[in-house]
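Dropping a structure here in structure tokens format, bear with me for questions.
Residue numbering begins at 1 within each chain, and the chains themselves are lettered A, B, C and D in the order written.
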Amino acid sequence: MKPQVLLVECEDRPGLVHGITGVLFHKGVNVVGNQEFVDSTRRRFFMRTEFEGAVEETEVLPLLRKVLPDDAEVRFARTIPKRVVVLASREHNCLADILVRHAFGELNAELLAVVSNHDLLAPLVAKFGHPFHHLPASGTDRSAHEEALLKCIEAYQPDYLVLARYMRILSPEFVRRYPARLINIHHSFLPAFVGARPYHQALERGVKVIGATAHFVTDELDAGPIIVQQVIPVDHTHDAADLAQAGRDVEQMVLARALKLVFEDRVFLCGNRTVIFD
Amino acid sequence: MKPQVLLVECEDRPGLVHGITGVLFHKGVNVVGNQEFVDSTRRRFFMRTEFEGAVEETEVLPLLRKVLPDDAEVRFARTIPKRVVVLASREHNCLADILVRHAFGELNAELLAVVSNHDLLAPLVAKFGHPFHHLPASGTDRSAHEEALLKCIEAYQPDYLVLARYMRILSPEFVRRYPARLINIHHSFLPAFVGARPYHQALERGVKVIGATAHFVTDELDAGPIIVQQVIPVDHTHDAADLAQAGRDVEQMVLARALKLVFEDRVFLCGNRTVIFD
Amino acid sequence: MKPQVLLVECEDRPGLVHGITGVLFHKGVNVVGNQEFVDSTRRRFFMRTEFEGAVEETEVLPLLRKVLPDDAEVRFARTIPKRVVVLASREHNCLADILVRHAFGELNAELLAVVSNHDLLAPLVAKFGHPFHHLPASGTDRSAHEEALLKCIEAYQPDYLVLARYMRILSPEFVRRYPARLINIHHSFLPAFVGARPYHQALERGVKVIGATAHFVTDELDAGPIIVQQVIPVDHTHDAADLAQAGRDVEQMVLARALKLVFEDRVFLCGNRTVIFD
Amino acid sequence: MKPQVLLVECEDRPGLVHGITGVLFHKGVNVVGNQEFVDSTRRRFFMRTEFEGAVEETEVLPLLRKVLPDDAEVRFARTIPKRVVVLASREHNCLADILVRHAFGELNAELLAVVSNHDLLAPLVAKFGHPFHHLPASGTDRSAHEEALLKCIEAYQPDYLVLARYMRILSPEFVRRYPARLINIHHSFLPAFVGARPYHQALERGVKVIGATAHFVTDELDAGPIIVQQVIPVDHTHDAADLAQAGRDVEQMVLARALKLVFEDRVFLCGNRTVIFD
């Protein structure tokens, strides 16, 4: 039997762990894994507990609320897979990797549909038997496009949206509809290059590593809480196309890792950063 | 004020976290960090808790023993730096790195002395003002050499011995005197090469990474619990001397990391592996 | 226009680069990239030159032979994609990654067929429209199985065989038929674990990195020339299943990199190691 | 006998390798290593050749000039160690690593002196017996301080200046005196943070890697050609002090690698990037 997972986040105060574990102990469950973290600057407490034993969320949560501050967010992780819609544009790598991992049960997710502003990746998605929605963005203004997008997405009632190299900037209004539920992957460099054609900028500067960052999307573009980051080495023999390929490889790897963590309820948000119980 | 650290290891059973945190809560201390791990195969429980508050070990330990199994090892981490003797031979890298980090207070350790079977590194140690003992191994048998070594070392009553590229194999009898207190660094490769001249073997096979492993020493040579491992990339243009230099660089980095973890009481032993609360 | 690629390997002697570049210069081609390496132990010379200009292999090779030792292997890299047959068993990761990269033209290869001793991955291969041959190994002896395998493979006249987690050991006779044409991916650890259930051994020892090695297959099992190696970090919270997943992720990444290098004629063999002109 | 090293940089044109190697061949020297690179955008040609044989620079250079464009920079690498002055402030890590590597002959350099705007590191430098110049910057304006700096430095006639965590911004006038001779190390992040207290910014954003970049200093602050970059992983349990320590560790490693490459004449400048023949 897979263990159940309890998630708690609240203002920090003395006795929280004692109180929470007391409830679990008295219900007779067996804690098999327990991780806590206190952000001392923000005075926030985070806890993720894996336990075995036949208890219902409905009987445990009221008991837990008694030992927790009023602001506490406390819940059992949903044992059913996360409902996910993926947005893509023309690059296939991240999307294909998600399709394969989903097909073989590696992600704790149900892939509901792929939505794209281009139709290029329709055949790839068709191979794996998922709905593909082509919602062109050109020839329409952003708000009209996002309205169509929202209508299409909301029909699926997803828990999470994944931007798998979706190349359009979403409006703050759109983003706010999916707080902590919108995951993006973007290229990153040391030093970082902003603006157009980042790989050409990186080439001109002669970077020696290419990285990728998976993060939650917030109002401020590309500045949301970071989930996973990694880099791979490159050198002067690599042209812009090689750097772009290196970028795609590391993006695919980093996004896969981030999705695994998020979909297994291992990621908390704490201000503009993440607490990850891996 | 630096927080105090409580360390607990015992057989796993329900209610441990609840019991331990109860004692701390009732003593009025403030837990600022808490990490547990259960090795479900061995049914062993490990916990490292950082807390703030004016309590004495002598008043808390008896209370904790009441909520713990009889086999429990429970103690406050020593707030005073670990007493350390370093053994070296002719390679300077790891030793020099330790000397520098010690000199600038980066290690939670008091470096008592350096012992070597060669006198080559005496001037380096002298720069930093530590005792250096030259105990030649040639022209004497191993047991006589180890006896001299022990006598020299024991005068310092060290908590830990660090083998910083000490190139002699210690006898099982010697090793057993320092259970979980003897830390070694050794080269590692993918795939691993055993026997003499590992860098020449690695060159012949054309390895693409050079690694290092810091581990506790046990009876079985180079097979003790691993503390830290890392690799750096190499390629076909590197000759044996380049591979050896790469090896030294990664060894220095890995040993420094391992010593930091061990000397801050972040490493537990669990069978033949480590549990690390970083 | 894509540049042409000249490959030269021969005994080292003075004047080789001068002689080779003289032929190219007098034919009026424009060298855009040039890499040489001399293995001084074996006195072997390796060169890979990219050049632009309308010359035929048939007119250049005779001129090059005049300036090269008799043993020289000299050829233009085939501009047509490499013909490839993939062997797999039950693990999908490496195979799926190859299928996707092939589908989007990322590998300089034509994927002719997938052959497997299990039928589990037939649906995956079918999605991408390639022939899938199920040649069960159980209930037949190795020589009979390999005979069937050879017959099936040889019908495709492949340049390369890729073992994408093919879980059977091939006989020396089989291996010898594909000298420097058989590419394998296997898990690697620091330290390496041989024998059965390597992930359980790695767990018991508490490794901190999981690696993978792509290599050419030679008579000696898992000891052929290494093409690519990489590692990813793990820790004590990872159980055997997590380690295996980490292993699959790094294997997929490493094999993709190795195939790209080999299929673009960037890899030479030199004794039991590779010379890679990346 | 250590091989000699020939360095050539010039405008690209057909026949360069043929011409250069022809001169070497006719002088009877034995080329043991040869690396070229053409930056096709800038049409610049770079070559580094290691050869054995008793020839004098004075007899070979005139012959080489005949086969090279007028703009060619061609020279034998100096076999004597590079003359180096190090600038530091209050952080010891990079400086201590340089002192140790220099003391054991790992850098192809002669360390002439350490100059600092603080006196904190004087005892460290004294251990290794080098001159230490304390030139306080406070209470004086930048131009006066830089004048004193220049006067102190120029007395040593250094080939290279190394900024080993020197925490003052040098004026463009100062920088221009040391074109391609001023090497700096600075922290880097994914994403990059500019401005004050970068580790606090990195903490707030929750970065998962900490990097470092060694680069040549040019007019534009921290934007000169990159020599070496590397990262190490961090997580949410690391506070600002931990991130800073991780930063120091990776900076030390990256600067050591960059100095080795530069001092062995393995680094060319090409526009705002480096060509590195490792």
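The rule we apply is simple: a residue touches a chain if its C-beta (ideal position, glycine included) is under 8 Å from a C-beta of that chain, and two chains touch if they have at least 3 such contacts.
Model, not experiment: these values are computed from the prediction.
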{"item": "Interface residue identity across copies chain C, chain D - same or different by half", "value": "same"}
{"item": "Maximum centroid distance from chain A, chain identifier (CA atoms)", "value": "D"}
{"item": "Geometric centre distance via CA averages, chain D-chain B, whole Å", "value": "35"}
{"item": "Junction residues of chain B, two or more chains touched", "value": "33, 37, 235, 237"}
{"item": "Interface residues, chain C side, partner chain D - complex", "value": "14-15, 17-18, 21-22, 24-25, 28-38, 40, 233"}
{"item": "Residues of chain A touching chain D in the complex", "value": "37, 188-192, 203-209, 211, 213, 222-223, 225-231, 235-237, 270-276"}
{"item": "Chain D residues within the chain B interface of the complex", "value": "33, 92-93, 96-97, 100, 103-104, 106, 124, 127-128, 235, 237, 245, 249, 253, 256-257, 278"}
